[in-house]
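A short worksheet on the structure shown next.
The letters A, B, C and D name the chains in turn, as written, and every chain counts its residues from 1.
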Amino acid sequence: MNLNNIYELRWKVLPPLAGVAMIGMAALALVTAPTEVIEGDVQRLLYVHLPSALASYFAFSVTAVCSILFLLKRDFKWDSAAQGAAVVGLIFTLLTLITGSLWGKPIWGVYWQWDPRITTTLILFLIFSAYLIARKSSSLDSDKSARFCSIYAIIGFLDIPLIHMSVRWWRTLHPQPIIAKLNPALPDEMLLVTLFSVLAVILVAAWFITLGVETELLSQRLLKLRAIAKINISEKS
Amino acid sequence: MQDLAIETNCLTRRYDGLPALNKVSIQIASGSRIALLGNNGSGKTTLLTILSTLLQSSGGSARILGYDVAKKTTALRNIIGVIRHQPMLYENFSPIEDLELFAKIYQVPDSDERIKKLLTSVEIWHLRDEMIGTFSRGQKQRLMIAKSLLHKPKVLLLDEPEIGLDQDGLRVLDQLILMNAEEGSTPVTVLAATHREERVDTWATGFVRLERGQIIETTLSKDNL
Amino acid sequence: MSEIGFLFAGFAVFWAGMFTYLVILQVKIRNLQSQIDLLENIIENHDEV
Amino acid sequence: MNLSTQLQIGGKLLNANLKQAWRDKTNWITAGMFAVTALLLYSFAFNLTTGLVRNLLPGVIWTVFLFSGIFATGQSFQHDRQNGILDALKISPIHPMTIYIAKTLANILMLLLIEFALLLGATILFSEPLFTPQLLLIVTIGTIGYTALSTLLSAINLDQNNGGLLLPVLALPLLVPLLIASVEATSASLQQEAGTAPWILLLSLFTIWSTAIATLMFPLAD
């Protein structure tokens, strides 16, 4: 069974699997998982926050890989895939930031903290927003724009470790009130629930990416058909 | 049998889904001079741009003297001379400065001699130290003729080389490029897009006519070479 | 807001965000598909003429 | 074509780029003007004559440098593209990386000229020792880093109408690590406290990283 056949199965496999996993995840996160001693029930936000963050990384790495493939093969289907994945990545980044702030308010007392991870995530959000703005503001079928955006996405993705390092140093080299981000080793049950949530959200992200890619591919196809229709009509007249 | 200088096979290029060049297959023998005819938007420039390695084709293949155009090798780039629609010149350089840089890039031996000879042939030697930005279109075009011949290319890809040229300039163009009459040069293959169909008879050994990205008429007679 | 409130808000945003995106995508795909079908029809009919 | 001829040609091309930049100064004068105006504006807004200068100067210097630099270099290939020179170079046997490196080096040299002049001016205006070897080193490394990226981005025009304007804005998010590292290194250098080293290290890391990536990517952008 080759890769194409597996990809053909996406509509049959992904939606039900992702759906069931998500419902299971909600039940596990809200009911089964034990209440955290220090943070209380708010800690349960971790089960959507962490998976969202991982899902966004997953989506952005798909964008980066597809961008490389586009540059090598110059096939627009890879450009479509990169765009579709970038949108999904942005949505999960946004969800990560929102759930993070909602967790931060009761625990830290503020919604926003210039913590290394949060700041990195924000910058990631900015980079890929810029990528999408650039891509959407230019012609869908333009070789140049697609190349520019692919290069931008690759650089942006490779920038992540550096951003993280710089933000972390920036925050830690400065004397400032230490905010304890208590993250002791999670108890076994919590760990299991977390792992399951990660799996569920990644499944959803994969499903969304396939849907997003489908949309972009259809847009490309529509563009081509419009062009053909234009030729036909002009030939008739 | 004669070598093929330019050979394309189902060459296709699409913009915004529209084919600008649609499965074009031509074979041009070495040493022939082919006029590329057709209306605006017929795909002439696209074909020449792909052949000069500036544009990726969407499908099909093209070879110049056996070198695959898509591979963009140094060897290929050393043997093509190109004149595009737009002059390719440093506006704030003098002709000498511009040509000296490109002589270096193409590793032209005895470059000073060569530059002087070419600038004299195109009759702008007296303008050698003026800024190119102050030139008229015709003067720039003459300089482009010199520049395209600088490294003694074997294949010339010209996009409307007549632009801006007066009667005198056309004579220079015919002598140097279209008639291959440059002193001591081996026959060069020429593929030139042109709108001046009345002039084609004077220099071309054959022609290709494009319409909407497809070949509709060809005469690649080799006998009158 | 109570702790439960924050928890609820977080989950609500998470689920709502996903559902919204899903719905938007489905609508988009449907629209694109219908336009494509329309154009394909036009082109086919055109060929017959 | 071997490396030494490539280097020779690169040198010639760098020379040509510098000559071109020198003769057509519009871009660079605009960048310089922008920097001077911004500096003036900051000095009014933050009242830079008070003793608090040292805390604010790093941020001031780098926002001014980065913005003026990106605006100037973001257009650097634009000119070559408009008069067809980029095409002439692309069809020539020169290696794309050589084209990129020659252009980047020319940009770096022009920017350093402007930046050093500004530092000298700021030294006098704010009576702060800004023209120190350490600071010049930091400015040089930082400038190489951001010029490498913005020159690469300027090589491809996104769209004829808005590409030129959009470009500098797009480059900024990618330059966050550079901005943080430069500001911190500058600040540490001004306060003469320990801690300059890690920032210079990060800055160098960013510069090496972005130069390498950009050089490798440029042929693909072709």
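Methods note: contacts are C-beta pairs under 8 Å (C-beta built on N, C-alpha and C of every residue); 3 or more make two chains touch, one makes a residue touch a chain.
Being a predicted model, the structure only gives us computed values, none of them experimental.
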**Q.** Centrality ranking, top chain (CA atoms only)
**A.** D
Q | Selected pair, greater C-beta contact count between A-C and B-D | A | A-C
**Q.** Between subunit C and subunit B, distance of the C-alpha-averaged centres to the nearest whole Å
**A.** 51
Q) In whole angstrom, what separates the CA-based centres of subunit B and subunit D? A) 38
Q: Could you grab the centroid distance between subunit C and subunit D? Build each centroid from C-alpha atoms only and quote it in angstrom.
A: 43
Q) If you average the CA atoms of subunit A and of subunit C, how many Å lie between those two points? A) 17
Q) Quick one: which chain pairs are touching? A) A-B, A-C, A-D, B-D
Q) subunit B touches which residues of subunit A in the complex? A) 74, 139, 141-143, 223-228, 230-231
Q | Residue ranges of subunit C touching subunit A (in the complex, touch as defined) | A | 1, 3-4, 6-7, 9-11, 13-15, 17-18, 21-22, 25-26, 28-29, 32-33, 35-36, 39-40, 42-43, 46-47, 49
Q) Taking the complex as given, what residues does subunit D use to touch subunit B? A) 1, 5, 8-9, 12-13, 16, 19-20, 23-24, 83-85, 87-95
Q: Spell out the residues on subunit A that touch subunit D in their complex, using ranges where they run on.
A: 71, 123, 126-127, 130, 133-134, 137-139, 142, 144-145, 147-148, 151-152, 154-156, 158-159, 162-163, 165-167, 169-170, 173
Q: Enumerate the contact residues on subunit B facing subunit A in the complex.
A: 14-18, 56, 212
